[in-house]
Amino acid sequence: MSDLIRDNEEIRPPVTKVGVLGWLRENLFNGWFNSLLTLATLYLLWLTIPPLVKWAFIESHWYTDPGVCREGGGACWSIIPKNVRFIFFGFFPEDQQWRPALTMILLVGLAFYSKDRRRWKKSLAVIWLVGILLMGWLMHGGLGLPVVETGKWSGLPLTLLLSFFGMVFAYPLGVLLALGRRSKLAAIKSMCVVYIELIRGVPLISLLFMSSVMFPLFLPEGVTFDKVLRAQVAIILFTAAYIAEVVRGGLQAIPKGQYEAADSLGLNYGKTMRLIILPQALKIVIPPTVGILISAFKDTSLVVIIALYDVLKTTKVTLSNPEWMGFSTEAYLFLAALYFVCCYAMSSYSRRLEKELNTGR
Amino acid sequence: MATTEYRSKVPFWRDPVKRGHLFQAAVLLTALAIGYTLFVNTQANLQRQSIATGFGFLEREAGFEIAEPPIPYSAADTYGRALLVGALNTLKVSSVGIFFSLILGTIIGISRLSHNWLVSRLSVAFIEVMQNIPVLLQLFFWYAIFYEAFPSPRQALNPLPGLFLCNRGLIFAVPAAHPSHVWMLAAAGVGIVGWFLLVRWGHRVQDRTGRLLPVHRMGMALTVLLPLAVWLLAGAPTAMDVPVLRGFNFRGGLTVSPEFSALLIGLILYTSAFVAEIVRAGIQAVSKGQIEAAMSIGLKPGQVLRLVVLPQALRVIIPPVTSQMLNLTKNSSLAIAIGYADFVSVANTTINQTGQAIEGVALIMLVYLFFSLSTSLFMNWYNKKMALVER
Amino acid sequence: GKDLDAVRKKGFIQVGVNGDLFGFGMPDEKGVWRGLDVDTARAVAAAIFGDASKVKFTPLTAQQRFTALQSGEIDILTRNATRTLSRETQLGLNFVHVNYYDGQGFMVPKKLGVKSAKELDGATICVLPGTTTEQNVADYFRSNGMSWKPVVIESTAELSKTFFAGRCDVMTSDASQLAGIRAVAPNPKDYVILPEIISKEPLAPAVRHGDDQFRDIVDFAVMAMIQAEEFGITSKNVDQMLKSKDPAIQRFLGVTPGNGKALGLDEKWAYNIIKQVGNYGEVFERNVGVNTKLGLERGLNALWTKGGLMYTPPFK
Amino acid sequence: MNGQTSATLTGTGPIIIIESMHKWFGDFHVLKDINLQVQPRERIVICGPSGSGKSTMIRCINRLEEHQRGRIVVDGIELTNDIKNIEKVRAEVGMVFQHFNLFPHLTILENLTLGPIWVRKTPKKEAEEMAMMYLEKVKIAEQAKKYPGQLSGGQQQRVAIARSLCMKPKIMLFDEPTSALDPEMVKEVLDVMVELAEEGMTMLVVTHEMGFAKSVADRVMFMDDGQIVEQNTPDEFFANPQNDRTRLFLSQIL
Amino acid sequence: MNGQTSATLTGTGPIIIIESMHKWFGDFHVLKDINLQVQPRERIVICGPSGSGKSTMIRCINRLEEHQRGRIVVDGIELTNDIKNIEKVRAEVGMVFQHFNLFPHLTILENLTLGPIWVRKTPKKEAEEMAMMYLEKVKIAEQAKKYPGQLSGGQQQRVAIARSLCMKPKIMLFDEPTSALDPEMVKEVLDVMVELAEEGMTMLVVTHEMGFAKSVADRVMFMDDGQIVEQNTPDEFFANPQNDRTRLFLSQIL
């Protein structure tokens, strides 16, 4: 027998690449193609970044009148602070605007609070319920606060509320549709299929358009619904169809054995779904679901089409004001950053959640 | 039969089959009732308001112009034709867009898996930025680049003779009409057929002798050389339809408008970010064992990708990519924001002028539904063709 | 009539307005609606309820506006809509008295050296969709045997930006718009508005078919503002005018009853309009006049006595 | 038949009665004229080549599959379309699958208490105490808080058995409970099953572990092509198979 | 060493030479000073506890893993970063995996001909004839047109072996070829391997099928903790293990 190596005999792997230079060589300049690419990229950055920085920071205006902006050459960020009230809160009465502000803080705060998976208990649902009621009261008023009807809800709160409630209601509806699509009952199944395919086949703007323009024609004379509510319903119906397809994928991934095990314990259909199948299926599809939710969030900007004053529309209105008409670049950049922050937060959270849920499996 | 006997004994609410029938009937009836009420209401409302309905307006004169119609169109044509122009424009931008976003998306998706740090970081950055900003804002951005960054027609950039770049778009010379063009086109067609035949011949040669021939290079040469030969035979006509600046604009040549380009670029970049993520996931879904098995029979890295990884990744990729293709088509309806005359834009003008919103919206939905359903039908067929055969 | 009853029962009027048209219908920085169309609607509220604030505004896009009125979602449409035969007949609408006489014109950069619209053959033209403007340009160029290329963009802000960047040679819109857009150009002096006005654009509020009383009220509310200007009654002097000896003014302000009863309104209806909203001249100057960003001259919208078209039937 | 004798010793009527039962999958006749009576406390091992219908037969007993002809009566309840009856039967019959089919999103303890809490409406605390008892019985009480994915195959299968036991079933069905296990783990599971058998549980076990059959079964059945070809006491069955097919099968497997 | 003796009988030099080879995964030292010489036609069985580095070692031989120290020479070609050499070696060395890794999108026949056509540039017809020959050898010629998903595990593993053979390798590596199979199918695969061994193929087999080791192997190696702890002829190895760890392991497994 050859002599065995004892454990205490430390042998290190041959170390070839260490340090900053090693990293650069390994990651940026390995091979001529990569080197070329690196150089090209650096050149491009060198061409674009300095003028951009000059425009956006060095020569920019931050809190001036539009006239001053027109004189100077740089970015006119002033459009944001000068119009921030309207962009954020739209028609909400000025003396009451602390209410939507508080609502948004509440919403974001609750979202942050629920980030931690350890807090996912029954009590969290109660907290949310209370939070939603509180938000409703803040926005709508009553009980001591002056009533502000939904027609005046606009700006960022509208965007956030439309997308938040869009997600909250579309999700269960989508789950039901997915279950329906997998149902053995032919009529239910085909209705769900038709619904999902129809809704997915048309652009959201046509649905919004229908909800705003034609919906009243469908109703008996004199019956009208709130415009915001109608848009909300359109968003929910639209998003639900997409969620349904995602959830269906998750359901298909659950092995038959799980159904059989549940059956043989004597659980009925409802309990099987609620206790066994859905918890697993929904967990599997977290990433695509979040993808859909992010899309839904971005798509709320389409309510512009039906003249609802979400944050994009309030910005556009500001731009219609002759005073500020020329500064759409700055305004849109601001919006882009706003959306990016929200969407990026969602997507990176979903990635984290996915990782967390995977451990311990 | 025994089973039928006990079936009758069981009360219907405890028999799953009967319960199912009952439930379905109830749901169907409810749906029908709702549909019927809506219909009756709409009828009554229309009657009451004495609003004109029907699609008669399609035959009336439209009276508005459309920029860059793909088929001849003028304000004297009917609404029907105007809408057709819009539909073709939608088709144009979405088919070109789908084609390029698939290519770009695949490249970026593969780059994201690259071992080069810079390449993979850049891909990630691209994907994050594109995915997380509403496409409408992106369209504004690209459009602004076009009209802000390029000069007016009088100062048009002229990088190559016959090619002009200005804020009216990219305008370039095309050969003046000549009878030989038809023949050149035919020759190119023959070349492509020849290419195709060459590939098949190459396969046969490989089957017979195992040799790999450079059939694609040969085919490409054929497709280029044949039309060239025809052109030379025809006396090498060199007359060009060169765009010239007359009055306000260039006349002659071919124009690619900034609106079309901005919409196309916006849609391609936005969609390709999603496609890239799908492609990456698809490639990662092919198990490592497959790659190892392929390597251990001695295939080269390129062959591993082409013969083993991609065919399997495609199955995972196709369904979500189909959704992205549909999304691109639907997102093209945002064209109205940057002045491209797609179907929604034309339909909007039509609704506006005729006031027939119901018909207009119905048409919009129908047209998109038609595009979507035909795309998904095709992709489902393709998907089925590619599906794995299993026990 | 039923529409009036419904409005009375609700306690406010629902009015469809333009959401982002400066000077006609647009919220200001505080979210308060401003504009000529908005004030017209307030006048109607003042007439019906004696309170100009009893009005709620629904911003509408061009595609939605008529259907919203047809479906009963709004009671009045004052969204710079042009009165045309087909709209009046096929859409089940009744337009009332015009509150702004507009016309479509062209604006070009000075450096093109264009003096007349007739020289625009081959031009690229920026057009705002959703109004009659698209059809008007097409008609104009067809009748003059000229060719053109449209660039049709949905929002005024975007459209003007592309125009100033040189994407189009010409911008066309209602003359009222052109002036305003020119005012915000990076350098307003570089642009001229051509003399030709290629269309008639009488902008008027509209109501649904079916309630003539309501239609009359809206009609006369608009006209009352014009009549008041003719009488020289303003929101400042209306209280003194109550003591006027002129029987026409006495009838107008309800000092001598009759008009209100005929319309089914409070006798003070005209007084309320003037007191709370102002006469037409005041409203015009406040929203679109020379001292605003739009800086419009009265032009066609002057009283008939001053060479304009604003002429009302006698209030008796 | 020999098997019956040992069953009659218990002195009560049969707990499972299958009478000329047939089943088709579409056109395919899977089970052909199955007749079987199982006495309380009887332990039956079923073997046979792959595809012979063993799984299908025991799955019919708790109606995971529907039979199309004949009668199945379990504990006095006839299996028909009646949902109430089916649920009653399923609560009486425990089933252990080849691939364990534990619920991966629940802890071991939750897996065990799910049935008692939601079907038997047992208070949670009681259910948990019972669950811990059964976990101790299968010797993995210390794993109660873990998730199935964190256990080895053998441990998972023991949990699956405990999960069935928590429903206090009168009958246990096992469908190849050890065939998905690494050889090292088979013994752990068989041990538990032997113990269960010794306590007098009525058991139907599909398995190819002939050692288990020899030591535990009251009766061994051989199925082929949808039919019960032969059944006998284990001694007789192995020593003296009557049927050619049985003999061929045994020669391959032993 | 005993193992070497049988090899030297063949009279040629070793076909695989591994000299003081080390491998790390990050900081983890998986293989420690491996030394091994394999003679042509030699059949080696490698066993050892899970995680001991058996798979990693044979994967180093066709460079599915890169070693970081020492030398590996296969059929006279040293394994370095040279891609050409690696491809040459891989074409000479067949590998059969635990999970078969057939290409699911290709038919059985296409799975077999892929390598010959694209790597060896064999004409298709010839490749197919050869493939059919090997399919017959593993006794599943009639399945040629099916897809892997339609075959049982045992059949798939036999296809995987045939796929490797189609490349006419000089050496075959097997990584637990039977451990993912149902017990009934293990025999089918082992039969094929025995036949192969009898024909004189050089084979390295990681397996725990000790029956196979006893009847076929020239040498049995025991690995633990990244080292070759013991190697010997099968008779000696099983009858008389030298090392404590080997003894412990054998007691568990037999």
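Order of writing sets the labels: A, B, C, D and E. Residues in every chain begin at 1.
In the analysis below, a contact is a pair of C-beta atoms (placed from the backbone, for glycine too) under 8 Å apart; a residue touches a chain by one contact, two chains touch by 3 or more.
Not measured: the values here are computed from a predicted model.
Participant: By that same contact rule, can you tell me which chains touch chain B and chain C alike?
Facilitator: Touching chain B as well as chain C, we find A.
Participant: Can you identify the chain nearest the overall CA centroid, using each chain's own CA centroid?
Facilitator: Closest chain centre to the overall C-alpha centroid: A.
Participant: Of all chains present, which has the mean Cα position farthest from that of chain E?
Facilitator: The chain lying farthest from chain E is C.
Participant: Is the C-beta contact count larger for B-D or for A-D?
Facilitator: Looking at contacts between chains, A-D has the larger number.
Participant: What is the distance, in whole Å, between the centres of chain C and chain E, each centre taken as the mean of its C-alpha atoms?
Facilitator: 88
Participant: At what distance in angstrom does the C-alpha mean of chain D lie from that of chain A?
Facilitator: Each chain's C-alpha centroid was found; their separation is 49 Å.
Participant: Centroid from C-alpha atoms only, then distance chain A to chain B, rounded to Å. What do you get?
Facilitator: Their C-alpha centroids are separated by 26 Å.
Participant: Indicate the whole-number Å distance between the mean C-alpha point of chain A and the mean C-alpha point of chain C.
Facilitator: The computed centroid separation for chain A versus chain C comes out at 40 Å.
Participant: Give the residues of chain C touching no fewer than two other chains, as numbers and ranges.
Facilitator: If we look for residues of chain C contacting two or more partner chains, we find 63-64, 67, 70-71, 155, 158, 161.
Participant: So which stretches of chain A touch two or more other chains?
Facilitator: Within chain A, residues 209, 213-214, 216-217, 221, 328 contact more than one other chain.
Participant: Using the touch definition from the top, which residues of chain E touch two or more other chains?
Facilitator: If we look for residues of chain E contacting two or more partner chains, we find none.
Participant: Any idea which chain E residues touch chain B in the complex?
Facilitator: 62, 64, 87, 90-91, 93-95, 97, 99, 101-105, 114-115, 117-127, 146-147, 149-151, 160, 163-164, 167
Participant: Across the complex, what residues on chain A touch chain B?
Facilitator: On the chain A side, the touching residues are 26-28, 30, 34, 37-38, 41, 184-188, 191, 197-198, 200-206, 209-210, 213-214, 216-221, 245, 294, 298-299, 301-302, 312, 328-329, 332, 335-336, 339-340, 343-344, 347.
Participant: Quick one: which bits of chain A touch chain C in the complex? Just the residue numbers, please.
Facilitator: 70, 82-83, 85-86, 89-94, 149, 151-152, 154, 209, 212-214, 216-217, 221-222, 224, 227, 305-307, 309, 313, 316-317, 319-323, 325-326, 328
Participant: Quick one: in the complex, what on chain B touches chain D?
Facilitator: Listed in rising order, the residues of chain B that touch chain D are 1-3, 6-7, 9-11, 14-17, 19.
Participant: So in the complex, which bits of chain C are touching chain B?
Facilitator: 62-64, 66-67, 70-71, 86-87, 90-92, 112, 120-124, 129-132, 134-135, 137-139, 141-142, 148-155, 158-159, 161-162, 165-167, 169, 208-210
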